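Shown next, in structure tokens, is the structure this report addresses.
As written, the chain order gives the labels A, B, C and D, with residue 1 at the start of each chain.
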Amino acid sequence: DRPLTIIAGPCQLESADHAQMIAGTLKEACDAAGAQFVFKGSFDKANRTSVNAAPALGLEKGLAVLQSVKDTIGVPVITDVHEKEQCAPVAQVCDILQIPAFLCRQTALLRAAGETGIAVNVKKGQFLAPWDMANVAAKIESTGNGNVMLTERGVSFGYNRLVVDMQSLPEMARAGHPVIMDATHAVAQPGGLGGSSGGQREFAPVMARAAVSVGVAGVFMETHQDPDNAPCDGPNMIYLDQMPKLIDTLMAFDRLAKANPVQI
Amino acid sequence: DRPLTIIAGPCQLESADHAQMIAGTLKEACDAAGAQFVFKGSFDKANRTSVNAAPALGLEKGLAVLQSVKDTIGVPVITDVHEKEQCAPVAQVCDILQIPAFLCRQTALLRAAGETGIAVNVKKGQFLAPWDMANVAAKIESTGNGNVMLTERGVSFGYNRLVVDMQSLPEMARAGHPVIMDATHAVAQPGGLGGSSGGQREFAPVMARAAVSVGVAGVFMETHQDPDNAPCDGPNMIYLDQMPKLIDTLMAFDRLAKANPVQI
Amino acid sequence: DRPLTIIAGPCQLESADHAQMIAGTLKEACDAAGAQFVFKGSFDKANRTSVNAAPALGLEKGLAVLQSVKDTIGVPVITDVHEKEQCAPVAQVCDILQIPAFLCRQTALLRAAGETGIAVNVKKGQFLAPWDMANVAAKIESTGNGNVMLTERGVSFGYNRLVVDMQSLPEMARAGHPVIMDATHAVAQPGGLGGSSGGQREFAPVMARAAVSVGVAGVFMETHQDPDNAPCDGPNMIYLDQMPKLIDTLMAFDRLAKANPVQI
Amino acid sequence: DRPLTIIAGPCQLESADHAQMIAGTLKEACDAAGAQFVFKGSFDKANRTSVNAAPALGLEKGLAVLQSVKDTIGVPVITDVHEKEQCAPVAQVCDILQIPAFLCRQTALLRAAGETGIAVNVKKGQFLAPWDMANVAAKIESTGNGNVMLTERGVSFGYNRLVVDMQSLPEMARAGHPVIMDATHAVAQPGGLGGSSGGQREFAPVMARAAVSVGVAGVFMETHQDPDNAPCDGPNMIYLDQMPKLIDTLMAFDRLAKANPVQI
């Protein structure tokens, strides 16, 4: 098995300079630790809790920022799409398309993503069982594109709380696609602050480590140099200056896990 | 309080004849029982479990069927929209737009629906708490359209099962909008049959009755003359020939409930 | 079907005078409304959240209070048992033994309760499915005592919250025993106040009404003249002076429900 | 931090010979891997799903078997108590008393266990949040006995299924007591086979590994040379001949985790 891939970046793209700063820091940390790295940033936050949330860059400016990260830092990039019309233009810049969890059953969007021919990472809906994701993957595969990744990000557990079922990681792997752990959204508390989501960032490394020990292809984490002043997802983002040590630790667990794979 | 509104129809529109047959039967039953009636049918099923599900009529043919129901039966009609571009054309035919549960946080879709100026019925996501719906309604209200309805259709309860929390009905009513109980989707078992959703139609009248007794503005129910051969949602649809008796019973509970309103 | 039975009383027995006052008020209200009445009070609270909770009367004094209620008010009484040795002495005074939810799988306790020969009301554990209760009832039936009642009091729904699944009422009825709705514990928030349970008493009538409309043999409710100063369960108990009106309303729903029984 | 403790044994004690065979095999494996070992076996299964379950040895014979394990294998032993009268005699043989999950709020039982003065391991109820366990520990501590261990064994997640929240491990640790992961009960499916519990033993090593990586004082696992013919818990017990390799792997993760402790 290949070493762990770290998919990371700020929740929302802010500017080219900001994205490059984050990507550069993460690239260096991943290189030092022997991890693969993919930069993630969103050009739109289509399902924020409140209509009053901070506005995002939009498609055109967002893609320009992502292109600048590719050009200057030399890393692959991923972003999320919300409408089927966004898939083709995004695929011209990005290496991987991401389908948000709420939209993971929207057939037209999944098919449009598949038809781009590039890799598609689908986040498992908070309302789905891990074995339901085989049907989701099949919608993409029906376009002839078998390059699918499946991401765990927690499942609804009562009101305003998620739980991560570590059994879901090997369960999803049965569908034959790489499995990613989204460690920071998994510790979000949806709607937990009334007009926005809460979160417990201190638990994100816990979730990341447990998942890596079970065995995953990658870990997704949102990070920011100043989470409390970030435009979104502040309560669950990891401080950027803590990422190098965390990545290093995760790689140690990854090596141990891949030398001793779980068998189910 | 006004008498109960029954929102009902087949899951998926099949043909003008079929829609008129269903609508006519239901109109007659509602008239006899003193209920208001709104016909519901879908032109697209955008988030079916499997990519191999039976195809739907599509927007143009679907709207023509809905128009024919209005013309021949003389009842208001409602259908669900999945992409923001669908809102304007649908609003030219329909009296109410419906936002599916998975899409209840998509800001652009909610705003496009609000901007049509007609009533918008939002189904509460299986991943949301009832108090989260005030933020959802605010996205529509931000367009100047305060004509919002909120629908309960169950909340995730472990894997492949929903539970209806009757407390959610008065909780959602606090947002100041009419509350609807979706009694048939609430007894669906998402993904419960592997490649499609299961369901327990025998419990739909139980959910409908309990909700009406607590006090709601309307009840939504899918119905079909032959559910086991319907193109979708068969396991949880109610037999059409059982609807008149059910509507009659629900109206009796509605009269009693509205004479003795719950106070929280 | 027989009219609804109201099982009610304070959470914890305080004194003979207090118990008789509560029982007398409730007996009068039930007589006026045509309901059957059973008085409930606990001589011990064996599983309080905190070790610092207010002490209870204990077995001997508690049974004396219950006997005084029988003698002066002339109503049947029920109390909960926590250890198998308590069953025989309690059965000499009480008409019904109650098994607490946490203890509903303890074989020795269930068998000791069954062996008294009097009716046994088992509360469904917060960790059980409704269909699991047939195995619970069978433990009592194995003693030759088929006089069993099954009580719904909510099921775990994430942390520190319960949800009532109205489907569980007809599901449990399939076991062939009368089903009771515990409307006040169902709205408790276990551990919700840190050192004690929280609750939302305003929703107890909602749960009671919904359950009665679905169809139950009885409703259990805790009540107190001054819940905020009661020794336990204050946040979810109903004010005593609101009980007569509530019982009256529940009887109206009960008559309508029993004239139109749910069929599953 | 001290190396991981393995608490293991068959679900139900069968005979002295059988217990010694299991304990000897596990002692050897733990010695080889550098793990501490405690033998666990039950003299009674007080809350089996069905009244028809295989009978257990009972208190007297069970304690004799546990004493024989101590005498011949030289390891500490633990067993579970269900009634307060059992605590004193069990404490004369065992090194640790265990409180079953369903009984974790029974004040009298917790106090009786605490009063023995030996260590008390309390399993977190399937209906409790991790932060609720501080109140549970306080009931034992109120006897002057601070030697408490807290065990995670999954939390109710819908019907007939548990989920393990890895966040609960550091959350419980905040109460200041060693935290144990019960890896085999966590993958049980309570009531999942109708008259008995189901389970997915293939996931027990997954849960064990994830918990060890997060950081725990010990792991509890039930094991049997022939689980499918064991008197209880067969579906989730681990094959005895797979235990040495599993313990060895867990120790590698334990060393890595304790060199890189999680900080919350």
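As a working rule, a residue touches a chain if its C-beta (ideal position, glycine included) is under 8 Å from a C-beta of that chain, and two chains touch if they have at least 3 such contacts.
Fair warning: this is a prediction, and the values are worked out from it, not measured in the lab.
Chemist: What are the chains that subunit C and subunit D both touch?
Modeler: Neighbours common to subunit C and subunit D are A, B.
Chemist: Go through A-D and A-C and name the pair with more C-beta contacts between its chains.
Modeler: A-D
Chemist: Please tell me the distance, in whole Å, between the geometric centres of subunit A and subunit D computed from their C-alpha atoms.
Modeler: 36
Chemist: Once you find the CA centre of subunit A and the CA centre of subunit B, what distance in Å lies between them?
Modeler: 33
Chemist: Centroid from C-alpha atoms only, then distance subunit A to subunit C, rounded to Å. What do you get?
Modeler: 48
Chemist: Which subunit C residues reach two or more other chains?
Modeler: Residue numbers touching two or more other chains: 155, 157, 159, 163.
Chemist: With touch defined as at the start, can you tell me which subunit A residues reach subunit C in the complex?
Modeler: 157-159, 161, 163
Chemist: Which residues, counting only subunit D, touch subunit A once they are in their complex?
Modeler: 155, 157, 163-167, 169-170, 187, 200, 202-203, 205-207, 209-214, 249, 252-253, 256-257, 260, 262-264
Chemist: Considering only the defined contacts, which subunit B positions touch subunit A in the complex?
Modeler: Spelled out, the residues of subunit B in touch with subunit A are 46-51, 82-84, 102-103, 105-108, 111, 125-129, 131-132, 135, 138-139, 142, 155-156, 159-160, 190-191, 195.
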